[in-house]
Each structure stands twice: as structure tokens, then as C-alpha cells.
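The two complexes that follow have subunit A in common; it is paired with subunit B in the first and with subunit C in the second.
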Partner chain A sequence: MWDGIIIGGGLAGLTAGIRAAERGKQILIISEGAGSLTYSSGALDFGDVGQLLSHEDHPYALLGETVVHAGMEWFQNLFPDYRGSWSEFQEILTPLGAPRKAGIVPRSHNTEPLKNAKVIILMAPYGLKDFFPEIIKTNLLKAYPQCEVEIFPFRTGTFESWHTIGKPVTGMDYTKYWQSQPGVSELKRLLDSLPQTSGETVILFPGLAAAFCEPLKEVLAGTPFPVIEMTSFPPSACGHNLYSALKQKFKSLGGELLTGTGVQSIESHNKVCSRAIVRSKGRPTAFSADSFILATGGIFGGGIEATADTAQETVLGLPLYVPAQWTNSEFLGEQPYARIGIEADRELRPVGPGGKEVLFKNLRVIGRMLAHWDPWTETCGGGVSLATGWFAGNQL
Partner chain B sequence: MIYEQDRTENLDACIKCSACTAMCPVAAVNPLFPGPKVLGPDAERFRLEGLQIGAALLNYCSKCRTCEITCPSGVKITEMITRAQENAKLSGSGKNLQSNIRDYLFGRAEYLGKLATILPGLTNTLLRTPLFRQVLEQALGISSEAPLPTYRKKFNPFGEGHKNRKQVVYFPGCFVTYNDPPTGHAITKVLEHNGYEVIVPPFHCCSTPLEGNGYVREAKETAKKNLALMNPYIRAGVPLITGCTSCGTALKEYAGLDVSASELQAYDLFEFLWALHEQSEFRTDFKEVQVSLGYHSSCHLKAQGIGTPSVRLLRLIPGVRVTDLDQGCCGLSGSYGFKKEKYDTAMQIGNPVFERVRHGVANDEFQSVITECGGCQVQIRHGSGTETFHPVWVLMQAYGLE
Partner chain C sequence: MKDYQVVIVGGGATGVGILRDLSMRGISALLLEQGDLAHGTSSRFHGLLHSGGRYAVKDPQSAAECIDENLILKKIAPHCISDTGGWFVQTKDDSPGYVEEWIKSCAGAHIPIREVSISEACRKEPLMDKNVLRVFEVPDATVDGFRIVWANARSARHYNGEFRTYHQAERLVTDKGQVTGVAVRNLLNGHQFTVHCDIVVNAAGAWASQLAGSIGIPLDVICDKGTLLAFNQRLFHRVVNRLRPSGDGDIFVPHETITILGTTSQFVDSPEDNDPQQEEVRSLLEIGEQLLPGIMKNRIIRAFSGIRPLHREDHDVPGVKEEGRNVSRSFALIDHELQDGIKGLISIVGGKFTTYRLMAEKVSDRVAEKLGNTTPCHTAEEDLLPEIPEHVYKKAARLLPYAPVEKMLERLQEDAEDVLKEIEQTPHKGQMLCECEMVSMAEVEKAASDEDTHHLADIRRKTRLGMGTCQGAFCTYRALPLLWQKKEKYDSLDEELRNFLNQRWKGIRPVLWGQQLRETELTRAIYSGILQFTEN
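Let's turn to the complex of A and B:
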């Protein structure tokens, strides 16, 4: 009944879904959970694309430069709140205030204004969990030695009862508040109350997440000084907002998203998948489609089940590439298990051992399910999910 | 033993990332609610040792399952909380006499309905009298501001009675039976229009309210009574249909009681109609209906894991535009939002839904809201001031059956 069914609704699955729905396809995404965007920084890392293109089996190399580039362009047209450039990295701040490079970032995270700043005012919301202003200050002074850094502590009435009982306020809680009507007014009042200094002051505001929130963006645009944000430790409001934006986009294009339960198996004959069998309440439900996309997120997403000595793809039992040596003792070094995944051809269809035989003609594998890449050492998690998702949605 | 082992393993899966608590709609608005991480995996550790922690707080969980969907490690948080609630209930902690009486009543929507519909006019007048509502609040802890539904003359399933070779059993549920009989008639007519004889045995409440208010044993007994009434039809392979998503969840959970999952053909109304459509047996002799609607998916529909068949089906009708509101729980959660200590929390939980509806109406995206759940209809109307109704009414219009 559907043109395409996508199993897994993380960054890769949603990207594929939006791209296909934009092209007029009827798409159903079935996703057990909400994916890993809520744990990511909200920025999309592409890594050193030029270099990764030359790694023979890397997903970038399967797709080629044109496709990776097209994915990046497409994303920015889709979400103008994000900015990236093919030719240069963007710079953002880690949760500890150190600058780092990334591919596509929320506009409000870009550190550009800090380069010419003389004074950085670090807003310090009272009781914010996993927020270390003194360490951030030290890191900022190191990265921007021309600056003075002032910490500006403040508290808002809303969380008083939380403070009284000693409950920490997460960045997500603060963000939800800022995005509400009273929050927007309070933010305006707060920013207006800051000392009016010369044009070389920049405000650094943790726990804000303005992307996709029109009223917040309006307040920030009306201030006399640039306000920039920083990434946070998981769970991250910024990553979560990107997830919500993708979900809304997909639904507004007529896509259907079934969350909370997963696909237990896929029926097929003659190498053609026909129906996804969903673990629904009481008895399984079958959904039929012409094409399928597997975007179940690897080990972290639940698409690969790994124990100390075996690894298994959970929906179709597809063969996996497993590196000879699983774990590496070298701390922070390369972890070979990161490269576990499904090997695919240039159309991202799964292939058997040796790489010749296409196992299913109408199934594509994307995102973290693919073999031969490592988001941690290559910092290309967002880029691979976006490029493979865009491609699969474009071909469907 | 295996069960205990599962419990421990599921517990160890928790990586303490707090994402569940960050996304919990109750924790966001009620600082006293410690949230799913603490009440789920954290407290479970103590519960396995036999210690009951925070029993009174467990009841604030609205069972929306947002935490479970968010958890990257597949920790069955809501299940843990529900089981802990049941145990706390058995050991008698966490409730006072007042909330016991109230939860007893809310658990028995069927008796409430039977009482109220003897003289629906009087009941409604009373329910709209501020003084009476104050009394309810003081005596029973039922919030005086909560949007208690209006009672009508009881649903009378007879009168249509077309005989046909193809049959379905219709489970109306308490909301249709006591508060919204016209929707029950509409569902009957739509099924008849598609060539089915609609059979309605004298069912009891589906048992969801009992379970939601912590009466687990009674819930099972009621379920068994209903199963006995269904039994001859189940044996004959007649599908069982309901238009209420809470009843639907409960009916599907009957599988495993006195009937096997493969025998029990329980369907949500639109799930059933969509299945007909896939077999080209669904009538699409539609008239054009020019209408824009916002769709709210109830928590109990999400729990069924069947997607949103009503949206799919209504989009087949020429002229109908449906926008999925894509929001979480409306806050009512059965009878949760009727309780005085939870009314404010419930309204705050539902606020994103209400704001989305107001925004949509103000921007001409849609004029009214459809949702299968009677409780959601009442709460969203109350919170947003916008008209709400069951999606079957759009089909009625398209078929020209109104």
C-alpha cells in the first residue's frame, strides 16, 4: 500500500522519509524509539569529507562527493536555522566552553562573533545541571585571550520550587521554559537588564536552544549585542529540537510516523521485501510497501544486537561485517566495533559476503546500520546519516 | 525466576542519561514529581530488595510512555512504574480514604454512567452547579474546574438491525454508552454502510478505568465477564470493533486471559476499515467534504502500535485536509485530570496541545479537532475552546449518512 516503509526514525530514517515525501511518495516510518538525536549535540558533523571519500568502503565513498554535497545543501534549504559550508568548517563551543569544528550547526551556535569580542558575558542560570561556569571561563580565556569573561548569575521565578527541594534543572527544562510565553517575556526582560556596553560585548547563553522557535529568535534579533549558544551534555535540547523539526516536516508532507513499537521481521520472496511485521498490541500488524529502508541505528539504536562474542542484525538477520578484533585497549583510540555494520553496494542495497550478491533488491540500508565508518574517530555521524538518508529517499 | 532475572537485566540497561526525565511531561510541570528515572530504574533497585520508595508519588505518573519511547536503552520504565503502583496498591500505601472512594468511583465508569443516565438531565444540571462541584471537590477530591463530561440518554444499540451475512461485534465503551450515544450510532451506520451486521452484546466497562485507578484484580474480573459475552462470536471468527482507543487497548490486552491472541480479532474501528480498504472492500462512494481538521493521536492509540489509520482513511475523502498536531498527551489520561490534586498538572501537561490547537485555529490551518478518544475530546475542548469530535463523523458526512 505504501511506496516506501522506513524502519527506524532517527536522523537517517527521517531524512530519507522527508526526501521521499517531498517527491510525492507515500511513506510510513516505523520507529521503536525517538533515535539518538536527543543525545547528540544538535550540530551535524561531516568530518574530513575529502579524505573519507578516499576510504574504499566508507559510506561517503559508496555515494561519491556529489551526493554528500547535495545532502548538505538540501538540509540547509530545508532548515535555514542551520548553517554550514562545503568549503569550510563551522566553529561551535563544547559544553565546557572549548571551541570545536563541525559541519552544519544551528546559526545561533556559530562562534564567529567571539573572534572580535572584547567582553564575553557568560549567563549562569541558577541550578542548571551539568553546567560548570568556572571551567567554561578558563577555556574561553584560553581560546579568546583578547577577551574578558564575566559570569552573570541569574535565577527565574519559575524554578524556585525546584531549587527549594534541591531538584536540578536540566537544559531541557530551561529550554522548555524559554520557549513558553512567560519565558519569552522573561528572557527579553533579562537581556534588557544587562549592562549596556560597547559593541564588542558578546553574550554566551547556555540552555537556550533558539533554533526553530520564532518568538525566541525574534527576542535575540532585537538585542544590541550578539547572543550565542553552546552545546550541552546529553540529553540535549538542541538535538531534541532538531528531532522535533524533522518529525514535523515529515508529517506536514503527509508522512505517517508510527512510534513506540518496532518491526519484528520483514517478509520477502525472490529477494524482494513485501511486508513489515510490526509488534502491535495483541497481535502483529503487517504493512506492505514497494520499497524498504533499514535505518535502525546500529548498536546504539537497537538495530544490531551485540554480545561479547556475537553481533546480529535484529530485523532481517542480514550478514554483518565484524572486524577481526572487536575492542581496542587503547583508550580514546580507534574502536574497531564502531565499524560493525551491513555492507552495501553503491545503491546502498545489502550485499552478501564478498560484496557481489545483492541480498534484497528493494531494500536500502542507511545511517548507523552501514559498515566501515566510525562516528567517533572520523567525526562524521551527522554527515553519513544525512547523506545516506537523503540518497535513499531520493532513489525510492 | 526468569522474570526476576529480566527485571534485573532491564534495570542494568539504564545508562543514567536522564533523557526520560527530561522528556516526561509530568516532571516538567510538577517539581515534586521525581520523574521516570528515579521512580523507574533507580527505585526499582530498592523495590527488588523489597523496599517501597515514593509510593504516593507513583500515582502522579500519567502512563503516557514518553519516557519509554525516549530511553535509548529500551528500559521498560512505564511498566516498572505500573507494577510498582500495583504493589503499592496491594500494600495499601499512597492513598487516603478520600482518594480511595474517588478512585473507586472513577474506576467504575460503568456504575457512574448507569447512575447518571437514569436521569441525565438532573445529573448534568448538578454537574454544572458550582456549589455541587465544590461539594464533589471537598468530599471526593474531584476537581471543581475539571471538564467532567455531559451525560446523555443511554446508547441504545438496537433499532438499526440490518441482517447480513457479514457480521461484526461492536464494543461501544462507557463514553459512547453514557456520554456520547450519537457517535455509537454513527459507527454502527458506517459499518452497516460497508455491508456489515452490527451486533452489540450487553457489555460491561472494558476495565481500563479500573486498571488506571489501581484496581487490577477487579479489572481482570470485568474483562472475563466481557470475554464470556464475546465468546460465541470469537469462536465464529467474528471481528470485534471499538471506536474508543482506550477500550481498544484494553480489548487487545484480553488476549491471553481466556482467549488466545490469534483467536481474538479485536480492531480499532479505523484499523478495521483500513484493512477493508487494503482488500478493496471499503466503500469509497464519497461526496466531497470541504473541511480542514487538526488530528490528535491519543496515548492509547499510540500504545496500540497501529499508526494513525483514521488520518490515512480520511485523506481518501475529496476535500478533507488533516493536519497531525504531533503533540504529546492532552493531560487528562483517563480520569487523572479530574482529580483535584492533579487538575493543574493535567492542564499544564496538555498545554502544548492546547497552544498548538489555538495557533492552528488562529492561523486558519484547521477549524476543529478530531480524535478517537472521548476523554481527549473533552479535555482539548476544555483547554483550547475548540470544537472536537470523533473522526467517524467525517465519514458520515462523506457517505451522506448524517
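Let's turn to the complex of A and C:
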């Protein structure tokens, strides 16, 4: 018998799990897949919180400002490698080298040093996939007109045989290498070999992902110039490392993580959930708990499936908010389908149509499963998952 | 002063077919196309090389033309055609009387048919409904419209024929009751100029009436919109038709790794009215279900619509407006000297993709006669493209993984050598930039730098980039640096990307469910979230 079972181990589920485990709860997370963090940039967007709080049904509005703020603070205390501020955005670079705002970012991604730089040296690892130095250079020159940008191509011995046969080297491959012992030494040599310029030079290094890796952080701390990183095209080492760090933290607090298998259904009685049913080795297995959290990731995570006629919640068949019209013609503009999700009360418990009746007393819904928000037009993907996850873990 | 003997307006199958034919006869010709080649209906169709079976009962003349052209094209353009064969299938809802009539009509049109036993049919097409009553085999095949259009253009170029893409014929120029040229606008830079010639051929497809209308000549072309669905898999091995009078959604055409189901039929006001609608998708699926039970379980990657230009003689219109399929699909060659007393203008309207060569031959015969040229037509005998030399095959097989080789060579033809040389020198350019359709970086780079490529969408049509299951989620980004290298000729990267994504979106919107919706969420995450592109 668990204190809580969390279905879905993405950003929202893991956050809830860690928060509850910190509070001494016995938590089981059951997750079919790895969630969307490995695809994500690794930075957590909160969006314009003040403005979003005023949208009546938005998850932020359900939680209220204090909770969202608390979630943000908590995360930074949990992971000092990340940094954010309630009062201002952090600036980081997109994979094309354009500056953009974000809520909480890996420290090494913050572009602060570029503001006063005179020279940016853009490291260009040979054969790095989905990395376009010439375009990045143009975007940097546009954003930091006071700077010169030099592209610094280099190759490492490790991937020579890959280059010969034209095999792509992804950011994940490079990161793995830098985090190995020979990689750390080579990185040190490489940075030492850079021209020793004045204090106004900044190194921009793609495909590194230093957060959570002590030896790498040490190398970077020892350089005479700031070294900063940029986000990468999916799959991203930085997002993946955050996912690993969350898992590790959860386990270190005594949490149990069951991956590779999905919850098929939840048994309930009188509006109280009692057992999660999992199919393993062809046989259904039941896990009991006092409380449940549904964090199955919406359309991308698999918690919501759409057919030509309708959309369905896959575990309990909870009612969903579904807009009448799903799309608009501008792809990157508002797309109403993105707001499909479960409507909840201020405790994040699912409610029936009309919003009055609480459907299950001991079930909370978090992250991308919730209705009435769009991570892409509102740039709040990480923020909503983090804040709702923290709240659910805190209440459990 | 004449610039060319002939100007052809329209770079679809019909127009390029005419360009090739005239050029082979030694007649100097320029073709103008407002978009990329095959920008109109010739890339928005079913891709069925008709055996004629579909028209046998209703329109024996069309049927006979189809089977003749079917055999000719299989001979001269084997690399653009996949000889899958086709079936006509009678279900319990289809009238037995019609079947008997059909068998007789096929014999009359010399379309060879063979009855296939139900057990053989179920074995060969396991997904087909098991309750079908009778199955007949015909020589249907599938055709890659885009490729055949380009093959014609290349062959024409070989004979000194010229074509300009993104050049719009704004209006015809006349002098004393005779058409003497075309006023043209280069859509890429806005330049306007006039081209003078003896004869203008109006092969503007669904737009033909607009061109004729520019000098007040009435030309009645009905725009009949047809919507098609592209499935993610090869559901059938061969073309599968319903054996009944032609109706919506009753033909499945397999192409490479996908299957196209269609089509609907609905009159629209303009050739640009080609947004597929949700209701059309539904009706296609309902009818498709009868031959392919459980059709909804298969992933649809997109819907798209094309416009059939149907010619209608003004006097026999009553009632046809409701049903496009009753208007003849055989073509009309209109010599406006005879019809309207205007010399120097010929329009070609209607027809089918399958009969484009025949239509071109008829037009070219008429043009040649007027110009006093007596060289006969050779387009039915000469191969559309030279064979790919053995050493090129071998080199490709050495440099690239097995699967993409064949397709790449078919797409690139004589340009293959350049691309292979590039891969040999810089091996990483052999990486697949588009992983769904297996298009190498070197090939996309080549397409991006071609002088007749002006937008990301042109690269897509040339290489199939972004046409696979991811519908551009990954490869759009990967094409950006190649556009950037040639930035003088492209719009800004933001704009190219936005336009490209919006074009793809148009086809996804009506089929937005299941895996496709999930893919959409990923694509928005990448372009809005990670790359922070915003709407215009």
C-alpha cells in the first residue's frame, strides 16, 4: 500500500514525486515512456505569469501566484545548477543562435556575459548534427552588434572514424564524450589552446551540457573567459540530463519508479480511487494507494488520444474540455486543440461538466493533462508542469 | 519581331508535353509557368495511369485513348511509372448488370482484363474486404506526376525548348485581331515584359479561362475540386477500383510507401479554391471502408485537393453543374481562329494526366500545320530520359545505404553524378537530411542551388523532402542552412519556414487525429517552443 501512486513520469510526475517523497511519503511512479523532457530544450519556460494568472481557467489561475512562485523557488533550491528569478526573465540562445527569454535555465546557458563581450568565439565541433554555425553567427551579430564573431572549427579524435564514413555525430554523442574522462581532459586542452585574449572574449560552446556534471563544471570554472552554452535541436542532451537528474533525485529520496509499462485503468468506489491496474508479462497487476496523481502528458505524452470525432483520456476515461474548432490556418499561431485537457478545481481534482462536481476525491491531475493552456503560444510548458507537479506533491 | 514561334502558358503535364513535342519538331518555343513546374493539378492528383477501365462504359473514346497512352508511357517513361497492375472489384452493393456491361465495353476499347478468383484476390490483397463478389485485373499503373513533368521539361531543353518558372502570363497581346504575344510578369522580382510570337498555346489548365478572358474571349472551364487522402502505408499492392459507375472515394492508388484514396468531386469558383475540408475527408473514409474494412485504424498523413479543369460546351450545360463526373473528361482543342475569329491562339482544355502526350501531339500537329512545319510527332517513340549508366548505379550503391539509392537516381537522373561526387568528397553530405523519405543532404543542397528553385516548397517537390510521416518536423529545420547558403534568391529563413509549415498544415488540418495530432504537437514544440518562431 503506497501513500501515493503517480501515473506518468515526465516533468510533472517526477516533480510531484520528489516533492511528496521529500515530505516523507511513500511514492510509486509508474511510467510507460520517458516523457517529453529529452525532446525539450532543457530550459523551463514560465511565460508571462502575471498575465496568465488573469486567464480564469488557466492552471496558474487555479493554483494562484503564491504556489507558482513557491514551485519556482523550490526547483532552484533542488537544483542549484539551474537559475531563474521571479522578477525577470533569463536570456538564452535558441539552436539558431537567436536570443530568447525563459524562466529557469541551466546556469551555463545564461547569455549575461554576451552583453559586454567584444569577441564571441563560436566553437564548431566537426560534424555536429543539426548545428549551423554560419546562421548562428549571423543571428549573434544581429543580437550583439558590438561583437565580432569568430567560428572556431575543431575535431576530436574519437569521432574520426565516424567522419570518414559520414556518420552523423549528434549533440547527445558529443555530450557523452565530453562527460567521459578522456573527454574532460581533451576539453581542458582545447580550451587552453584558445588564443588568450582580453577579458572581453566569450566562448560559445554547443553540445556540451555541463549542468549536473561536476568534472565539466570544474573545467569551465577554471577558464580565463566565460564559456556559455546554447540550447539544441531535439533530442537534447540538456533536457535528457534534467530528466536523469529528476529520476535520480526521486530515487534517492526513496521513491520507486516503474518504467516501461503503462497503467491501464484505475479501480474506484464512491469517488475514491483504490488500485492502479498495470499489465506486466501479460498479466494484470494491481497497485493500491491512498492518493493518485495523473500525469500522463496529454496528446504528446499519450494521456489523451484523439479520433476523428473526439478526444479521450486514456486511463480513467475522464471527461475532457474539447473546443468546437480545433485549428486555425497560421500554424505557429493559436491552435485551439492545444487547450484540450481535463478541467480541475483548485485542488487540481478533476471536475465534471459545468465545473461543480468533483469526480474523484483522491485524484489530482497535473502537467500537460490539464485543460485551458497552450505551452507554445503562452511559452509556459515547463512552468505549468513544474508548478502543478509541485502543488500536487505538496498536498498529497 | 518574334522572340519565339510559340509561347506556351502553363507548366503542367499538358504544357510541358507540348513544349517537348514542338521542340522535337524544331519549332522554337518558350513555356511560362506562374509557380514551379507541376504547381497546378499535375502534382495534386491521384497518380493513376489509367488503363481506361474506369471510362469503358461511359466514355469509350476516353477509354481507348487511355489504354493506348498507358502502353506508350510505360514504354517511353518506365522510370516515372510503377507497373503495379490494377483491379476492379465488385462489392455486394455494386450492380451485376453494370459488371456485364463493363466487361463488354473493355473488350470494345481493347482493354485486356482477366478475372481473378476470390481466393487469389484475398491472398494477394489481405487487407481487402473478404466479401467482395468479383475481381478483374487490368493494366492500371501508377505514375509520379512531378517526375514525368520534369522529364518532359528536361527532354525539351535538350531540343532547345525553354521554360521559365515563376513567370505569369498576365494577358495576351493582340494586334489587328491576332494574338501576337504575351505580357509577362516575373513574380520573383516584379519585372514586366512582353514576349512576341506567332502562336500562343493556352495550356493553363483550370486557369485557362482567365487567360482567354484577358482579351475577352469566352472559354468555359469548370473547376471541379477533388480531394484525396494520403495514408502512411502501402495498404494495397496494386491499384484497386470499385467496379461501378465512377463515384467518390472508390480508388486506392499505392505509391512507394504510401496509399492515396480518392476522390471527391465538387464544383468550386476558382482554381485556388483547393483547401481540403473535413466533410470531404469523412465521406472518403466512409466509402473507402467498404473496400478496406477498418480503414480508420490506418494513419493518414495528409489530405490534399486538386482542381480538374473540365471543358463545357456552352450549349449543352443544363443540369451538369451538380455532378462533375458527368461532364466528359476527354479533352477539347480549341482553335480560336475558327471559334472566335482570333488568330494565333489555341487552347487545350480538359483531359487526363494519362493522355497528356496525346493532347500535346494534337496541339502540336495543329501548331505545326499553321507554321508550315511538316516534321511528324516523335514523342511516342523516343524515351523520355536516357538510361542511367551502369557506373553511376555502382557508385551510388557504394556511397549510400541500399534503400535510398534507387529513388535518388530516379529523381536526379543526369544530375546524379554531381551529387555523388559531392558525397564522395564530403562523406557527411551522404547523411539523410530527410529521414522519412531518405533524401541526402547533398541532394537537397543540389536542389536548393538549382537555378529554377526559388522556395523551400520547390525543394520539396524536387526531392520529396517533408512529404513523409514527419511532414517536415525535422527536415524543415535541416534545410535552413542550405537555403541560407543561397540566401540571395530565397525569402528570409523565417518567411520560408513559416510558408512551408503553413502549406503542410493546410493538408494536415482536416486529418488531425491519432498519430498525426501527436506529430503536430511535436512540430509546434520544435518551431514555437525550441526555435521560438512566431506567427507573422
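Methods note: the second predicted complex is superposed on the first by the 396 of 396 C-alpha atoms of A that agree within 3 Å, B and C clash if a C-alpha of one lies under 4 Å from a C-alpha of the other, contacts with A are read in each partner's own complex, and residues count from 1 in each chain.
Throughout what follows, contacts are C-beta pairs under 8 Å (C-beta built on N, C-alpha and C of every residue); 3 or more make two chains touch, one makes a residue touch a chain.
Remember, it's a predicted structure, so these values are computed and weren't measured experimentally.
Enquirer: So, on subunit A, is it clash or fit between subunit B and subunit C?
Expert: Subunit B and subunit C fit side by side in the superposed model.
Enquirer: Please indicate which partner A:E313 is in contact with in the superposed arrangement: first for subunit B, second for subunit C, both, or neither.
Expert: Once the two structures are laid over each other on A, A:E313 reaches no partner at all.
Enquirer: On the A-aligned overlay, A:E343 touches which partner chain: subunit B = first, subunit C = second, or both, or neither?
Expert: A:E343 sits against neither subunit B nor subunit C.
Enquirer: Return first, second, both or neither, reflecting whether A:T285 touches subunit B, subunit C, both chains, or no partner chain.
Expert: Touch status of A:T285: first partner only.
Enquirer: Is A:Y39 touching anything from subunit B or subunit C once the two structures are fitted on A? First, second, both or neither.
Expert: Once the two structures are laid over each other on A, A:Y39 reaches both partners.
Enquirer: In the combined three-chain superposition, what is the angle centred on subunit A between subunit B and subunit C, taking C-alpha centres, to the nearest 10 degrees?
Expert: 90
Enquirer: Looking at the overlay, what does A:P234 touch: subunit B (first), subunit C (second), both, or neither?
Expert: both
Enquirer: Answer with first, second, both or neither: which of subunit B and subunit C does A:M1 touch in the superposed model?
Expert: First partner only, subunit B.
Enquirer: Taking the superposition as given, does A:F300 touch the first partner, subunit B, the second, subunit C, both, or neither?
Expert: The answer is both, since A:F300 touches subunit B and subunit C.
Enquirer: Check whether A:I165 is in contact with subunit B, with subunit C, with both or with neither, and answer first, second, both or neither.
Expert: Touch partners of A:I165: subunit B and subunit C.
Enquirer: If you take every C-alpha pair with one atom in subunit B and one in subunit C, what is the shortest distance in Å after superposing?
Expert: Result, nearest C-alpha distance in the overlay: 5 Å.
Enquirer: Could you list which residues of subunit A make contact with subunit B in one structure and with subunit C in the other?
Expert: On subunit A, the overlap between the subunit B and subunit C contacts is residues 36, 39, 165, 167, 234, 300.
Enquirer: Which positions of subunit B touch subunit A when the two form their complex?
Expert: 17-19, 21-23, 28, 31-32, 34, 65, 68-72, 74, 249, 251-253, 255, 261-262, 264, 266, 271, 278, 302-308, 311-312, 315, 323-324, 326
Enquirer: Which residues of subunit C touch subunit A in the complex?
Expert: 281-282, 285, 296, 423, 426-431, 477-478, 480-481, 484-485, 493, 498, 501-502, 504-506, 509, 512-514, 517-518, 520-536
Enquirer: If we count contacts the way the header does, which residues on subunit A are in touch with subunit B in the complex?
Expert: 1, 28, 30, 32-34, 36, 38-39, 159, 161-162, 165, 167, 170, 172-173, 176, 234-235, 240, 247-248, 251-252, 254, 256-261, 278-283, 285, 287-288, 300-302
Enquirer: Show which residues of subunit A lie in contact with subunit C when the two form their complex.
Expert: The contact residues of subunit A facing subunit C are 36, 39-41, 45, 94-96, 98, 100, 127, 129-130, 132, 134-135, 138, 163-168, 231, 233-234, 298-300, 305-308, 326-327, 329-333, 335, 337-338, 375-377, 379, 381.
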